[in-house]
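Each structure below appears as structure tokens.
After this come two complexes, each holding subunit A, first together with subunit B and then together with subunit C.
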Partner chain A sequence: MTIPQLNAERPLTDEAVIRVTGIQHSYHTARGPVPALENVDVSAGPKRFVSIVGPSGCGKSTLLMILAGLITPTAGDRYVAGAKVTGPQPDKVAVAFQDACLLPWRSALDNVAFPLELRKDPRAEREARGRELLEKVGLAGYADRYPRELSGGMRQRVAVARALIQRPAVLLMDEPFGALDEQTRMDMGEELLRLWDEIHNTVIFVTHNLAEAVYLSDEVIVMAARPGRVVERVLIDLPRPRPVEITETEKFLHLRNRLWRLIRSQE
Partner chain B sequence: MTRLLHSTRDAQLAVGLLVVLLATWELLARLGVLTPETAPAPSVIASAGSDLVAGGLFFDVRITLTYVLVAFVLALVLGVGLGLLLSSWPLVAQVSVGFLTFLLSVPKSLFLPLFILVIGIGGDQKIAFGAFSSFAVIVMATMVGIASVDPNLVAMARSQGARRREVFSKIYLRSMMPTLLEAARIAMILNITGVLIAEMYVSRQGLGYLVNLYGQTFQVAPLLAVIAVITVIGIALNELLRWCERRQDRWREGT
Partner chain C sequence: MSTVDEVRGRPVADVALPEPERDRSRRTLLGWRLAVVALLLVCWELVPRLMSAPSAFIVPLSASLRAGADQWSPIVGSLWPTLSAILVALVFAWLVGIVAGFVIGTSPRLRFLLLIFGALYAVPLVVVYPLISVWLGPGQVSKVLFASLYGVIPVLLTTASGVRSVDEGLRRSAQSMGASPRQLLTKVLIPAALPVVVSGLRLGGGLVLIAVIVCEMLASTSGGIGTLITAYRVQFNAGAVYFCILVVLAFALVMDQTLGAIERRVAGDAAKTTRTQPTPG
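And now, the complex of A and B:
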């Protein structure tokens, strides 16, 4: 496949909202360079929900940080949300990190409104939108609570609300529900789909839970480690909306098993 | 709520204990158990104190307090500044932590003659020595504080559009605040000690000078009165900084 020539000013002419090609990345450490990604190509169209799965250490987080503009790759081209990435793009790209990453000295509301504060929006507007988003994630009564007063699931909801307040065209999520118990994880997944139905942006969702990946996604990218690379791209052609019962269907299990075999075969 | 009750009850207990102690002391002095030359009664100390106030004690209080506060601000600004600078290079940070540990453990008063040789015996020398006494503590606390900032919070803020200055003020400084305020409290005590020692060593004014003067002329009552004033100032400054700590620490408490 050939990739059209693009420049920083011109938006993407084709369908892709995300296109990274030939991504190579090594971390520089005291003990020399640590290779993390080797020749990775990833693309995602508008309003697509794409998951990335793979063993730990295969470079999923690194890839996400590269998409977010937080890490500059050693080599490769990045186009995200219509522009060549040179740094963070807070008005287009939002990130939800693994362990919620809330500021412990701020209330839930002030955490959610933090991106608007950085944008210097007026206080009244920040608070109104913050409350609106807290309500959206089911935390209407918790605006004044500090993170330590919230459960793990609630903290993660705050983090999701904070990402959504940026109205991102691209939402990057790094194992957002990884630290939650199985039941809460399922609930959160269901709720994320409900929210996504409204917003309908492009989501890149890193997880190591294969059932979660199948349940949420339009496609799943399978990565392998040493070196970190993409091995396969699996289309998830399950109908939407997806009730939780879909996880018991034959097709669902078939897709899940296929991912499992793909990952197993790389070890 | 229970915390608050606890602290007021503690305060009441402390005041009660002090009253009992002073009353016992007064009684023993009046009964002639204590020698008036070395342990004058609290009432005698109090009247010596009021004589001192009439004789212009507040002039000396103002001088010493000014030196202490200027030294504090100086040590804080320079200490945090240097701490930030040293932390920018991992190798430099590693080497300087060793050096700072040495500076923390060596008695500062050894350097007093050097300060007099270099700066002289004026107010600037008192300030410089006061600041020097707490400088290492603040540099060290800054470096420890920086090392403890969660890099994920920094990445999060950057992804949301925080510029360098905002990352510094809203993430770094805020994360470091508990460590810095605690260091500031210790620094204040060291500043007071430093200024007083410098005043006791060579000077014609200030509370340290008065301590030295009454000590050398065997005037125990005014000596103890001055010490009482210094103690009150020390406690007041300490409580002020503790109040700041509690204020910014409110998110830790909660339900």
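And now, the complex of A and C:
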């Protein structure tokens, strides 16, 4: 395993590209505050693939939205590339949600290029980069299709392409393949790794599928519910690149079972 | 470069009717409608003639048309006061309704206003017209104000509900991509809410027309088709009353068809591009 290298052009106060400390969050509802996270510290180094697993309701999505700057935590600090975060940072952090969240009245190409349009890049450049990204996710021939004309897996690829067009240092993904069937999910995981090999940024990937977490990640953060908290960080020291057959090795199964026991013991 | 050229997903079948078939079914529907209208007109002509005791207020179609021709110049002269009041009130009702609906729909702190407007919607607002006409006189200004007030409420309510029903995920993902509040409004919220907003415009349009005619009927000096209807009624000129009613119907029909066409178009575009949920499993 390689030791994470500091990026000389972008000096960091520490080696984490993204880091949150002492995060506490409660949702305010009509029936009073609902505690979602308690004293959570999470960080990810450059070019690391980190997954977050845990039972539903343990605050994974909340944590991801806090990392994305989409909700402000009740307490705690957030840093991206060493700088304190107060809101969304489209030039550094991109998000892909479980629901692809595509704009239904825009074609695949216009959806992928949307972040560049918000940035007011020139049209020709938006189109060129949009097509390039669509090609990268295997949808070169689908630029003019509308979201409803695409399958669930294709919509998710469009969402990933749209996130990558931001050239993010950190890519946050909230159960991006959660709504897909098992076969498509495996294919998408494989392709994600291939893409990531090229881009090699930091990924934080929320999932409830433990095999998926082991297959993709350098480390897995295990969370527990009530209150939402981190219980363990498990290092996944499987070699890369990872062919799909790796999921049948003893080491893989051992890691997966370890995660499973960790989650079971919290219930 | 590891590009993936094999696409494993498959396009979802489009279940919408093919274009020519839809056109044909629309033409059949139009044919039926015309047949019904023709039948009604024939009945209108025949039934009064066949009645044993002719009544002053039930006159055949031909007599109504003759009365209309006799009263041609006052009727033509009152078209513009009615039409202009409707058009101006429409603009006010739509503009104010859309803007206020968006503001209220997007701000949680103003949501309570929806309850108030919802309650107002149920109140027969006609009761305030006498007040307005006393304050502003019975002319165009009070007509427009009253009709705008009447039409603005459904526009506001539907716009607000349209905005509120925009998927939270769309909002969030646009924000994560760096959308400013203004971009969020123009590039996400407005297009997403558009089909619902347009249906509100149609409702508001109908109410504006009703309100203008009612104002005119209530105030004998306000001018317009409504005022003429009242005048002919007082003069027992039933044929002219019927003719004026036909004119109002024509107004309503043209307006509703126009708004309906716009609504279908917007809804059609939306249906063509509506996001369908990914099918799990």
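Everything below uses one rule, namely that the second predicted complex is superposed on the first by the 256 of 267 C-alpha atoms of A that agree within 3 Å, B and C clash if a C-alpha of one lies under 4 Å from a C-alpha of the other, contacts with A are read in each partner's own complex, and residues count from 1 in each chain.
Keep in mind that, in the parts below, a contact is a pair of C-beta atoms (placed from the backbone, for glycine too) under 8 Å apart; a residue touches a chain by one contact, two chains touch by 3 or more.
These numbers were taken from a predicted model, which means no experiment stands behind them.
Following the overlay on subunit A, a clash is recorded for the pair subunit B and subunit C. Judged by the touch definition given at the top, the superposed model places A:Trp196 against neither subunit B nor subunit C.
In the superposed model, A:Ala140 lies in contact with subunit C only, and not with subunit B.
Contact with subunit C, but none with subunit B, is seen for A:Arg155 once the two complexes are overlaid on the shared chain. Once the two complexes are laid over each other on the shared chain, residue contacts for A:Leu180 go to subunit C alone; subunit B is not touched. Residue contacts after overlaying the shared chain place A:Phe205 against neither subunit B nor subunit C. By the touch criterion stated above, A:Cys101 is placed in contact with subunit B and with subunit C alike. In the overlay built on the shared chain, the residue A:Met65 is in contact with subunit B and with subunit C.
Once the two structures are superposed, subunit B and subunit C can be ranked by residues of subunit A touched, with C on top. Counting contacts as defined above, subunit A residues 65, 68-70, 88, 90-91, 93-95, 97, 99, 101, 103-106, 114-115, 118-119, 145-146, 148-149, 162, 166 meet subunit B in one complex and subunit C in the other.
Those residues of subunit B that touch subunit A in the shared complex are 150, 152-153, 155-162, 166, 170-171, 174, 248, 251-252, 254-255. Those residues of subunit A that touch subunit B in the complex are listed here as 65, 68-70, 88, 90-91, 93-95, 97-99, 101, 103-106, 114-115, 118-119, 145-146, 148-149, 162, 166.
Within the complex formed with subunit A, the residues of subunit C that make contact are 1-12, 14, 167, 169-170, 172-180, 183, 187-188, 191-192, 269-270, 272-281. Residue ranges on subunit A touching subunit C, taken from their complex, read 65, 68-70, 88, 90-91, 93-95, 97, 99-106, 114-115, 117-119, 135-142, 145-157, 162, 166, 179-181, 184, 187, 191, 194-195, 197-198.
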